[in-house]
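To keep things simple, chains are lettered A, B, C and D as they appear, and every chain counts its residues starting from 1.
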């Protein structure tokens, strides 16, 4: 049973085609990795699904609901939550108010609200940062805060755009465990990640985006073996550096800004 | 850092409040003493909230100087004679920054803080409206010098008086003059503010009832910077005369653009502009022959005890301020003079008595003419002169015999000048 | 902390309520003006300070309140109170409906759209005789200075209360979230359009309320005066000096600017405007966060990939 | 027919005056994201300077133009370097507030210096016009349009091809990339403000030649520059020309069809509609 269906999706910015005829669907409860070199269109794709931008052509279905033309906040309320590659947190609110606002907006009230906020903050290991203003959080805290905030939406589908970049190895392990736990709760996830170790260990399936087109779609092992993928993307870098990409790799410039 | 900043702010607020309240309370005691006669120290104080800055600073200055000239002369002559005793006058000015709300609050400040009970108005009708409201609430007289809007006097106020005729009467003399010169068709252009609308409507009604053909009439937004298209349109109708009712800069604009567009008229007249010295300076020879509705000129054959003749007024004014007076200053001096007359007549500076005296002035003659103070505080009967710019100077060309000074009507076309 | 605030609020209320007993009409007049600007600044603070939309046209609602109340009461002979209520409601609805398209604009573009809104409204008023045209509307002289002081003071207190309730609610956090990052706010399910337009409408309601009272207090409505862009600028200056986004900031700002203006006018005939201008420059250079505003923290102020302009449009 | 052609021509020529007044404003906004509320008062000050040079030294305004340009360039540079740069990277409100304070100071300073009296830059040709093909071409307005075209072209060439111009353009894309390119942003900003102050001065001289002015006349000029800049598109060299022409012609035609009293409704209504439908203006970069 598919929870998300993308049909023939294309996106132009001015004269530039960023996404070309993308089609795929996500099964409920699955974890799918989305990889591709910088500028391949990954963040644009997530942005289109999340309603941050409208596709030039093609359709997006969430369950049976067509998402085209819906404002982002409506899509979020349907249970489709996302994080941003370049973190976007509410810098004038404290960490817990960030989470609380998201939970409150999505129907949590009173005692339940406080319990849920506390649970999410504990889950993302941010308990010692409550009361800190958003603008004063470190980048890795901001990344986790985005995740907590997204989870406050009680999502059916999570779009995670590089939530692990910048984490140290032990943080990384715990983050992977957290994703596994979320998966056990039945949340479907589309994960954009540069760290191949993460993608390989948590994904049921991997999509590869290259220059705006989907060039491969299959189980992780198959993808790693695919010569087309190696050539387009992995060949140059993964092979050279089997441990994964350097965490300090500069984040790609977000398309369309 | 934050703490000290906050502390400083509160200290600052506290200090300012104290300063204000202390000055307010301090003088309110003197106000108590002086309320009866307003003349404790042998001086009668008169308040004037008037623009020194902002968009009305120009006219505000003229009014300021008009008031000041009267004050200086009266004091030179020993002061006002109140029941045989001489009192100096002291006009207390406050800058309302051309803002009507400030006009009101400064009137209040002058009333309460400075204990002042007699007032001369700020310039411009909106400012007069709000300042007179405060005066009326406190039942103290205010004489308006700078706005002739009829609606100022139709509110049923008992403490508002004026030295200005209604705005709607400004153009009567101009049209009378044009009639004698065989002008038949007229185009009207006016700004959208209160004064200009009333003056224009009065003028158009007068024109129609006196056999003129009004071929064009339009209202433009105040401060417009382009009227070429209106002039192009007017040129199609070939009117004999153009009458503009607006502000100084718009009068200048209309002359400049008439010439640029080569739109010729037998006569051009404005309500505001030609009477001011800067009109001739600004336009040079293009201002020659242009007519201006005026309320006063130095040539008028009127006189009184304080200023002497109108000509003498001009001389005194020039000595004091270095420039020729225009009617704004003269009418302000006249307003101040009315106040002085009323105080002497009442034999007191008590606001109620002065108010009653003002209401009962009846028909009086001052250096600006003979007029009657009406029951609603406005005046009637003033014979309005018309001026013409000749060699950059305003020359009186109306009423009566002055018409022999009239030159160049019909005006030569722009390319023959 | 809470108690201290309560005591402080009580003290301010007490002083303001008792002020007329201790002083004279002039102080009451100044107090009325300060209360008026405090309410206007608090209204501006809702959209400008808390939501982060730099409105340059809030005077539109002040003007509309005054013009409509005047028009209804003079032309249709409505009781002024009724005319005022209807005027306030219309201005609120106007704010909400115009907010829908205008609040899609950001930064300077929003500023200019609101400035244009004020100018366009003035232009319409000038051309509609029912609304007073260019001549304005005269109202009967009723009430006493004391009554207007208490009414203006009541509106100022109401706007402070509204601000307090908003700031301490999830709705206030919603607006702060929109100020921080609108796309992120949408991503957690916030209907930003509705939230912003509501804030704009509240701002409009407060502005119009002040306008209604101002009109009858002054007893004459001059259209260019009640749509004067400088009034919006004063709201902005007062809020920023006091501290944008705070409850007490706009009030403190109104008190400081109000007192400063009066003192400048009282002590200097020609230079009062100059002093005000220099004062503004000094505040901008040395007090950029306002008196009660949060200090900009050193950490996290510059993040990679982000402009150093916090509100770049 | 001739009437309408002349009216459209009037609009086009008024567009020149409007556009030349907006040139500086648009540049400041486009490059520094700075809305200069003192823009109008800068222009009025330039008009006064031109007037003084004419009256005291008999220097024709057009001959004085390079001198006035340089004076304002230097003044603008120092003002930006000394004061505006201190707040420009902060909150957007603060720059607005600062320029508002500057406007207040400038306007009142001019009252002290020149009195509140109306003045104009009065040359023999200020009110004259050329008569060509049966149409009237007022000299000052026609020259304003020609100057506007030339200045737009020069500005475009400067920004496109000179080293400094490219630095300014890079800065307009955002301070971060410019910093990465090794540009000294405060200097670039000071230069931009200086350059635009010079341009504002030229606009001010044209205004002084075509209208009477007083120290309080700056406000409407700033508002006019707002409208033209938005119509043409922020930060494009040709935007002021296009915006000026659109506004000039629309106002001229609209004021004849509907009456001049509706000009402000047309102007600000149009501004609102453009902002809502196409906030980047006619020539602006496509919406983000």
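Rule of thumb we're sticking to: contacts are C-beta pairs under 8 Å (C-beta built on N, C-alpha and C of every residue); 3 or more make two chains touch, one makes a residue touch a chain.
Remember, predicted model here, so these are calculated numbers, not experimental data.
Of all chains, the one whose Cα centroid sits at the greatest distance from that of chain D is A. Once CA atoms are averaged chain by chain and compared with the all-protein CA average, the nearest chain turns out to be C. Per-chain Cα centroids separate chain A from chain D by 47 Å. Chain geometry summary: the mean Cα position of chain B and that of chain C are 34 Å apart. Note: centroid distance chain A to chain C, computed from Cα atoms, is 41 Å.
For chain B, residues touching at least two other chains, in rising order: 53-54, 192, 219, 221.
Shown for chain D are the residues that touch two or more other chains, namely 108, 261, 264. Along chain C, residues 123, 126-127, 270, 273-274, 305-306 each make contact with two or more other chains.
Chain contact summary for the complex, chain A toward chain C: residues 50-52, 71-74, 76-77, 81-82, 84, 86-93, 97-98, 100-102, 104-106, 133-139, 149-150, 152-153, 251, 253-254.
Within the complex formed with chain A, the chain C residues making contact are 170, 173-174, 176-177, 179-181, 183-193, 245, 297, 299-301, 303-306. Across the complex, chain B meets chain C through its residues 1-2, 5-6, 9, 12-13, 16-17, 19-21, 23-25, 28, 31, 52-54, 93-97, 99-102, 104-106, 108-109, 111-113, 125-126, 129-130, 133-134, 136-138, 149, 151, 154-155, 157, 191-194, 196-198, 219, 221-222.
Listed in rising order, the residues of chain D touching chain C in the complex are 29, 33, 35, 83, 86-87, 89-94, 96-98, 100-105, 107-109, 112, 174-176, 219, 223, 226-227, 230, 261-262, 264-265, 267-269, 271-272, 275-276, 279.
Of all the residues in chain C, the ones that touch chain D in their complex are 48, 54, 101-102, 104-105, 107-109, 111-113, 115-117, 119-120, 122-124, 126-127, 229, 233, 236-237, 240, 244, 270-271, 273-274, 276-281, 283-285, 288, 305-313.
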